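The two complexes that follow have chain A in common; it is paired with chain B in the first and with chain C in the second.
Let's look at the complex of A and B:
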C-alpha cells in the first residue's frame, strides 16, 4: 500500500528542492561573476560587463524589442508546428506501412545528415520572401528530429503490448489510440524537445543572414553597429526563449504522458 | 454441466519447426498433445527452452504451428497455414507483465470489456472494483503500474484477464520474476479466484512446487524438441493452503514430478553445453 508521506519526509522533500534551487542560483551568479571579471580585465577591446548589458537592455525601446521577440517566436512557432503536424503523421505512416517505409526511409536517411544550416543558401534562392524562407528553415530544423523520433517510437513499442491489446479484443482503431500512440508519446516528445532547440538555432541563423527583424537580426545589427552590450542582450534573449520553449514542451509532454512524467 | 468433462482446448499432435535461413529447421515442439478440460487448472512444466512458451503463443495466436491442430470448443482454432488470431476468448497473462504502463489500474482492467463493447463503463467499473477487492487491490485504482509493487501488478494483470470471462486463461510463467514471499501471496490470490468462480487455466511454469500447488493436472514436457512426457493428476483437496506443502501426498507428487523432469533438465543442460561448444 502507498503510505501517505509523513511530515518529516515532506520537509526533507522541501529541503531537497530548496538546496536544488540554491545550487541553480549559484551557477548563474558564478557565471555573472566570471563574466564581470573578464569584462573588467583591460583587453584591447572593451567587453561589456553584465551591468552594461543590462543597462543596454533597459535603454531599448520596449515596443520594437517586444516586436522582435514576438517575430522570432512566431517564426519558430509556425515552423515547429508545421514540422510536428507533418512529421508525426509521416513517422507513424512509415511505422505502419512497409511500402511507405521502403519508399521514404532511404530519402530521410540521406537528407538527415545534411546540417540544416547548409540549406540556408538554397532557401534564400528559392523562397520569394525572407519571411517564408525563415519559416521554412525553422520547419526544416524541427522536421527531421520529429520524424526520426516518431519512427523510433513506433518501432520501439514492445510487442507484448500489441499482443496484450489484441488479446483484449481491441480494434485496429482502438489499438492505435489507446496502445500504440500512448506508448510512443514519450519518444515523440523527446523528439519535439530536440526539434524546438534546432528551430531556435535556425531562426537565429536565418535572421542573421537574410531576414528582417527578430532577435537574431537584433544581435547581428548590434555587432554591425558596434553596440556591443546589445550582443549580450540578444544572446540572453535567445537563451531565455529557447529555454522557455523547451520548458513548455516538457510541461505538455508530462501532461499527455502522466505515467512517464519527469 | 454437472460433472461431465467438457474439453475446452484440444492440442493435437502439434509440432513447430522454426525455419532459420540457410540452416535446416529447428524442431521446437514435437507431436504435442494435451486436452484442457473446462474449469480445470492445467499446468505445463518443462525445462527452459523446451517450447512451453511456443505452445502457449500458438494457442494465443502469436505464433503459428507447423503440424497438427488445435481445437477450441470443438472447432479448429489453428492448423498448418491457418493460425488463430489473438482474441478475448483466450486471455494471456504475460511472463514479463503486460499491463499498459500508460493506463491507471482501473483503466487497465476495464480496457478489454470497453474495447469489445461488452458492457457499459459503469458496469465495467463496478465489476473491476469487485474483482480488484477480491484480490486485495481496493485502494489502487488510480495508480499507474509503475508505482505498484510487482505482486500488485501480477494480481492486477490476472484481474484484467478474467474481466472478460475468457474461455481459457493462458498464463506464461506469470510469477517467475517474483520473490518467494510475494509469489506465495499471489498464488494464494490466484487460487482464491479459481476456487470462488470456475475458470479454465493453462499455466506454464518450471517451478515444480508451484505446479503441484496450483494444478489439477500437471503435464511434464521433455527437453527440446518439446513433447508431452507424462501427465500427473493432482487430487489434493481444494481450497489449498500453504500447509499442504508438507503433506505426504504433496511430497509424493513432488518426488514423482522431480524424477520425471530431472532427466529432462539434464538433457536440456547437456544440449545447451553442446550448442555453446559449437
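Let's look at the complex of A and C:
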C-alpha cells in the first residue's frame, strides 16, 4: 500500500486503516462463507450452517443460558484467583531462597509435564462434590504457568537495578516493593494471561466429563441430544468468554505496569 | 562451565530429599486416611501397578496409539501452519485478510471442538487427530507469524539488492529468519497436542493413554490412573525435549 505523494500523511494513515478494516470484514465474511459452503455440501451427516446455529442461539431461553455462563465464569474465577494467590507468593519464595527452590522445584518439574486434563479421573475420585472438583481443575490449569512465570520474572530482574537500589540504601522491604515486584509484574501478567486460557480449557473439560451446568455441559448435552447447531453455539460462547477474560487480564496488566504497556 | 562436585551435590541432595519428602507425605496422607486421601491409591499400590503395566504389550500399544496421533496431527499442523504463518508475517495483505479469522477461532480451546469433531468425522481416529491438530495449529501459526514479522528490514533490502527473486527471499530470508520462532511454536504446539490427545482419548478415544486412564477410572483400577498420568507426563516431556534438541540444530546461530 503506497500513500499517494500529494496527500497529507494523515489521510494516508486514514486510508490505510480503512483498507485494514475492509480486509478484516472480508476475512470474517469469508470465514462464514467457507463454513456455509461446508455445511451446504451433501455430507452423509448434516453440518449446521452459521444461520442454523444463530437460530439455535435465539431459541435458547435467556435465563438458564445466563445461569450456565455465570456458573462457568465463577468456576474459572475462583480457581484462577486461588492459583494466583498461591502461585505468585510461591514463585517469589522460590526466587528468594535457594533452600525453598531446591525443595519445591524438583516437585514442580516432576508434576508440570503432566497435562492438567490427565488429573481429571483422580480429581473426580478425590473431591466430594463436582463443584469442588471443577474448581480444583481450573486451579490446576492456572497454577503451573503462574508459578513458572513468577520464577522466570524473578530471575529476569536486571542485576543493575538491584545494585542501583542497594547503593541508594533501600531496605529489603523497599527493594521488594519498588524494584523487584515492579520489574516482575510484566512477566507475571504474561503468566496470568496464559493461565486464564488454560483455566477456561479446564472448566470446559471438567463440565463435559463430570460436572453439571456451565457452558461445557451445555455443549456436551447438545451433542448427546443430537441438537448439533447448539454445539456451535456452545463453542462460540466458550471462545467469547475465554477471549474476554484474557482481554481483562491484559488491561489489568497494562494498568499496573504502565511502562511496559502493549 | 564446569561445576564443582560439591556444588552439584549441594543441589542434588536437597532435591532428592524434596522428592522423597513429597512421596512420604503422599503415603502418609493415604495411610492415615486424612480427609479423603483414603480414596487415593497408596505409593506401593501405584508401584505395583507400574511394575505390572509398563512391561506389558498393552502399554506399548497405548503409548504408540497416542504418539502416532500426536505426531500425525503435529506434522499436519506444521505443514499448514508454517507456510501460513510465514505469509501472514511477511505480506501485509495476507495478514489483514487471514489474521482476523484466526483471531476469531483461536480462543476456542481444542477441548471445545471435541463434540463437533466426534459428530462430523466418520472415524474416531480422524476426530482425535483433528482435535490435536487444532491444538498445535494456533501456537505454530502465531509464533511463525511473529518470527517473520520481526525479521530486520535490512535483510530484505540486502536480498533485493543482490537481485533475489520473491521465491528466494521467501526461502532464504523469511523462512530462515523466522526459524527460531518456528522452533518455539513447534515445541509449544507439541505440548498442547499432548494435552489435546489425552482429552480426546478420554472422551472419544477407543485406545491410547488418555483412554487407558479413563478406563482405569471406570473399572476402579485406581493405581493405574496415577501410573498413566506419569507415563503421559514423561512421554510429553521426552517429546518436547526431542523437538528442542532438533530445533537447536536448525538454528545453530542462536545460543540458548
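As a convention for this text, the second predicted complex is superposed on the first by the 236 of 262 C-alpha atoms of A that agree within 3 Å, B and C clash if a C-alpha of one lies under 4 Å from a C-alpha of the other, contacts with A are read in each partner's own complex, and residues count from 1 in each chain.
In the analysis below, a residue touches a chain if its C-beta (ideal position, glycine included) is under 8 Å from a C-beta of that chain, and two chains touch if they have at least 3 such contacts.
Computed from a predicted model, the values in this text were never measured in an experiment.
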More chain A residues in contact - chain B or chain C: C
Touched partner set for A:18, first chain B, second chain C, both or neither: neither
Which superposed partner A:160 touches (first chain B, second chain C, both, neither): first
Touching partner for A:124 - first (chain B), second (chain C), both, neither: second
Partner chain(s) touched by A:182 [first = chain B, second = chain C, both, neither]: first
Contacts of A:243 with chain B and chain C, given as first, second, both or neither: second
Partner chain(s) touched by A:104 [first = chain B, second = chain C, both, neither]: second
Contacts of A:219 with chain B and chain C, given as first, second, both or neither: second
Touching both chain B and chain C, residues of chain A: 1
Footprint of chain B on chain A - complex, ascending: 1-2, 160-161, 163-171, 174, 178-179, 182-183, 185, 257-260
Touching residues (chain side chain B, partner chain A) in the complex: 60-62, 85-88, 90-92, 94, 96, 98-103, 111-112, 115-116, 139-140, 143-147, 160, 164
Chain C - residues contacting chain A, complex: 11, 14-19, 21-22, 36-37, 39-40, 92-93, 96-101, 104-105, 107-116, 118-120, 122, 194-195, 198-199, 202-203, 210, 213-214, 216-217, 222, 225-226, 228-230, 232-234, 236-237, 240
Complex interface listing, chain A residues touching chain C: 1, 19-20, 23-24, 26-28, 30-31, 43-45, 47, 99, 102-107, 110-122, 124-128, 197, 200-201, 204-205, 208-209, 216, 219-220, 222-223, 228, 231-232, 234-236, 238-240, 242-243, 246
